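Presented sequentially are two complexes of chain A, the first with chain B as partner and the second with chain C.
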Partner chain A sequence: MGTAVLLKNTEKRGGMEHWRRQETAAAYMFSLPTIILLLVFSLGPAAYAFFLSGVSWNLLNHMHWVGLSNYAAILHMPLFWTSVKNSVIFAAVVMPVQTVIAMIIAVIMNQNLPARPIYRLVFFFPSISSSAVTSLMFMWIFNKLGLLNGFLTMAGISGPNWIGNPRFALSAIMILNIWSTAGYFMVVFLAGLQAIPRTLYEAAAIDGASALQRFWNITVPLLRPSTFFIVVMGLIGTLQMFDQSFIISGGTGGPLNSTMTIALLIYQEIFSYGQVGYGAAATVFLFVLVLGLTILTNRWLGKPIEY
Partner chain B sequence: MVGSNSTLSRVSRGLYLLILTAGALVMVIPFLWSLSTSLKPLGEALVFPPKWLPHPFLWKNYFLTWKTVPMGQWFINSTIVAVAVVIGNLILDSMAGYALARIRFRGRSLVFFGIISMLMIPFQSIMLPVYIILRALGLINSYAGIILPQIVSAMGVFLMRQAFLNVPQEVEESAIIDGASRWRIFAQISLPMVQPSLLTLALMMFMGAWNNFLLPLLVANNQNFWTLPLGMVMFQQQYYTNWPYLMAAAVMATIPIAVLFLLFQRWFIQGISTTGLK
Partner chain C sequence: MKHLQKIAQVSAMGLSLVGMVGCGTASSASGSGASKVVTIVVASWAGTNVTNGIIDQQLADFNKTHPDIHAVYRPIAGNYETILKTEFVSGDAPDIITLNNGGQAPVFESEGAVIPLNSYIQKSHYSLSDFFPGAMNMFEAGSTVYGIPRDQSPLVLYYNPQMFKNAGIAGPPTTWAQLQADAQKLTNPAKKIYGIVQTPQEPRWAQFLVEAGGNVMNNSMTKMTLNTPAALRGFSFFVNLYRSGVAAQPSQVGATWGGQALGMGHAAMSFEGAWAIPYLQDTYPNTPFAIATLPKGPVNNMSLDFPTAWAITKDSAHPQQAWQVIKYLTGQGQAQWVEQGGLVTVRKSLINMPYYQQHPIYHNILAQLPNAVPWNFPNGFDQYVNSTLSNVSLLAVEGKLSPQAALQQLQSQGTSIIQQNGGN
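Let's turn to the complex of A and B:
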């Protein structure tokens, strides 16, 4: 802000202090509703979860303080570890696969190819469809008599009942998630690709670098800010996966807990078992897991680019 | 480009198009398959191996689905929630974004980093405390319970802050000299200049609210408040095997989003590019 403006204003209103106070008041009038709503429905709940993880409460009786015993209880619960295992495996498969697919498709789409807008539209569309719609669609595709097994039959393979079989149910949800989010991250990569100077590629081409070399030595390193964002978003999204598991397993996390995720366990602790404290302890565990992995990713990918 | 180089590039272009087309098919097939199923008689939908073309085309599946379950009510509920969420975010996010971008005030960086930190808190991880807070406020089974937690968004504030930062400072300075109030500067000068971002914000928020499954699941125990995603999933649990009806419902629920997307594709993508890069 130009000092000239402020000075003129000061003369007019008499006193810099007055102007400052007026500005601060205006700023809080503008942002107070947002601050309050975010405190009540976002930051506040996050803090509240820590408190609730120390109580025993089923929503109806009086809550009483039990200290850390909820943590001890969930750490001894086999179902908790099943949910952690499923969420971690899910993230460990889906996040890298969707990132790699999104990057490859974005790089290809960044070439001068015909019908680019149509391809972009088609790849992006699944990511704006609701999880309920896509989950129902894939339940039908993964049905014993569904489309996927129809294709497999043509190849001479007799397909399983994907979502009814504990060996395949989580994989089916992985496929669904990769399908529905890869296009979104492709758009993020496309925006990142626009920021890479064309001249770098031209210079490399003159030096005789092959297309693959240019990809590895220019595109991949210079896309790091986008990659960082996508890896963090992908980790958060996959570790907290809830909708697809809930819908496809009918809320049970079955068959045989094979699709039980941490978020679904939290839901069940409160709505099926009335164990608010256990659910809150699992919530805190999920925070710590996500935060820890985000910090690790930041160490690994978060450095600024050096040209 | 000369000789061998251009043959090579023609080959690789062909390969690229092949990969893109294969990928695009994988993306579209589930939608086409749902559409096809939604037009089949039940018996034909369950034929294995599956057939692509319905025979005959049973358009009345859509009508019958609409009659079997309260789709109309779900549509109304989804619309009420989504419209309220869009209006709330347009007003509140742009006000907060404006203050953070344009006004120097005590505590600004605290407010800004507080909001940024909330970008990292996705709803799934706070569903339990949010449910308990909504319950304490008496908002279970109400529209307000589904609307209020979505009515401001940290992402939206961030988007609008970026937009206001891009408005040239000089435009406001003369108004400040004339002694115009901050509210007037915001409403009459700055807001009209960020219209494209407002459109992006509206689309993002509409999509988020329209597609939200978890929040209505927590809040709407009473089916009068079910939104489309929640209603469809409950419908699936009740009519487990009637895939033509289920797919008809899925197609109908997707149509509003599809229409918005086709009309405003550019702004959808712009939203991701602006919020996704920072």
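Let's turn to the complex of A and C:
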């Protein structure tokens, strides 16, 4: 239909207005496949999750409406609060650490070092590897008799049972996550660094600013758009962490629920325990949490740069 | 001109999309309409290549003799029951599914996802008397039959005969006291070798409760029975193996399960089922292993049994044909299943088949079969089985909860699930 309208308009030979309308229509036509995909696979299911949070359903029986009682149920569930605690601790540690590491590596990679492309590849490689593969790899590194404990033994430290001990399991996943995402964010920072005018550094150098002063007073503030993007993406990514917990704990969130994240709980409630309503209610909770934190971050870092 | 080009491109894209969709529907329509052959989809978990190969071959053999039915195998990779449930939701459920133990079968049965087979059994005069009662009972609710057993395995004692020889122990333990004493002798923490390596999960300790005369639930699965002295006696014995240092968790020796620890040479003994045989032979060909029946407790040497069964789903459009497939798989197919898969038969008449005589490693697994109770839980116990039981037993094994307190917790949590389900 859209095509027919466009053809008719072209025949009429209108002015600027027609031309604009055609352009807009063509633009919509080109984005239509994406818009449809987004509606069907992203926004639609998201809206459906809100609906599901009000039903009682175990996937095999008939669903019936229960209103807000799923929210009441999960708020009284100790396991839900364990998962919230784990996710928040995970985000609070991983997001800042990966941001700082990514920034430092990016600044180093931005210097004229020999074999720079190789280092960039090495640091970026983890983020293009499948998280299932890297999780399996780290399971061997964190094995009681594995690589990490082997190094610790050389240093005279008796390493813990990283994955089997509830005190260390989440930390092991934190290390894995920082390792795998810092490289991706490094590339974002690198792009940000190249946009900072060289002249600012030259002027500061002439004024006698040290390298550290230039980093703090020029690089860090002028990287703010990149930092904002990285902090928001990092927050969303860490609060929604699922795959690494799932693989390392074998889907249980164990040992003793120490690696149970909100996303893993949602999966378990819906698919393993037949409590679709609980899972959907936890999904809405996670949505509100991420939305709130993103708005706060926007207030803090989302301002435009003022020179 | 440029616009015309763009427009032409867009419309071409649109047309080709429409064309593709059109092709898709056209071909699928002709596929089902052209001939009178009925397609039956058979699903099971994509476990070992062994199982997949056998099902494929059995269905191929079946298709040769049944020209009006085309049975195809759909292996489900990953979390089997989870994916199966989503297939029910999307209306794409297979005709035949494999029902699993551990409380998964009752979920599908009580929600009506699988259909009763009684009328088909009666019409075709199919005899159920040849099946081991443990395997058969698990897929019955009252007099309603929901599944025909496929294979099973009881827990047995795997041990490393070389380690036993080196420690000067004549043979595998036959009593609890010997189990404890042998494990003590075989443990060498400096070398990371433990008498027993085993995950402290319920399907590895419930047999001790039965051996002491107790159980987790009563036979009709309407009551938790973890508060009995017999249950405490069995559970305490299990926990004490760890507390006294002669048993270890697999992760303590860098393994993920008992069979792996045995293969790696970190375990002298472990409790596993027949599934560990091909694993150990293929993965650790240099580690010797042997199998014994379970050591006897105060009352008996009962084991847990892990049967599976074929069932027909409610979504099947051709249950009559699906039943033909099940009849074949559990009849003629059953012997093949053993010969090629090295699995434990569910038919009493096959226990003396040549395969088992040529493979003496199965001898004690078959000897354990008459003394085994199926591992089962009622609907609603998913979370309890997958998470609560392992967490609480882990706390007991690590000494953070006394065996008595652990059982009390499990008793009360299980009871509240039963009450909730009763209230529904």
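Definition applied: the second predicted complex is superposed on the first by the 274 of 307 C-alpha atoms of A that agree within 3 Å, B and C clash if a C-alpha of one lies under 4 Å from a C-alpha of the other, contacts with A are read in each partner's own complex, and residues count from 1 in each chain.
Definition applied: a residue touches a chain if its C-beta (ideal position, glycine included) is under 8 Å from a C-beta of that chain, and two chains touch if they have at least 3 such contacts.
These figures come from a predicted structure and were not determined experimentally.
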Touched partner set for A:Asn298, first chain B, second chain C, both or neither: neither
Of chain B and chain C, the chain that contacts the larger number of chain A residues: B
Partner chain in contact with A:Ser69 - chain B first, chain C second, else both or neither: neither
Contacts of A:Ala26 with chain B and chain C, given as first, second, both or neither: both
Partner chain(s) touched by A:Tyr273 [first = chain B, second = chain C, both, neither]: second
Which of chain B and chain C A:Trp179 touches, first, second, both or neither: first
Chain B versus chain C as contact partner of A:Gly146, first or second or both or neither: both
Which superposed partner A:Gln213 touches (first chain B, second chain C, both, neither): neither
Doubly contacted chain A residues - partners chain C and chain B: 26, 30, 59, 143, 145-146, 250
Contacting residues of chain C [partner chain A, same complex]: 3-4, 6-7, 10-11, 14, 79, 81-82, 85-86, 88-89, 107-108, 111-113, 192, 249, 251-254, 256, 382-383, 386-387, 390-391, 394-395
Complex contact set, residues of chain B against chain A: 12-13, 16-17, 19-20, 23-24, 26-31, 33-34, 37, 46-50, 92-93, 95-96, 98-100, 103-108, 111, 114-115, 117-118, 120-122, 124-133, 135, 148-149, 151-152, 154, 157, 169, 173, 176-177, 179, 181-183, 186, 207, 210-214, 217, 228-230, 232-233, 236-237, 243, 246-247, 250, 253-254, 257-258, 261-262, 265, 268-269, 272-273, 276-277
Touch list for chain A against partner chain C, complex: 3, 6-7, 10, 22, 26, 29-30, 58-61, 143-146, 161, 163-164, 250-257, 268, 271-274
Chain B contact footprint on chain A (complex, rising order): 1-2, 5, 8-9, 12-13, 23-24, 26-28, 30-31, 33-35, 37-38, 40-46, 48-49, 52, 59, 104-105, 108-109, 111, 113-114, 117, 119-126, 128-141, 143, 145-147, 149-150, 153-154, 179, 183-184, 187-188, 190-192, 195, 211, 225-226, 229, 236-237, 240-243, 246-247, 250, 263, 266-267, 269-270, 276, 279-280, 283, 286-287, 290-291, 294
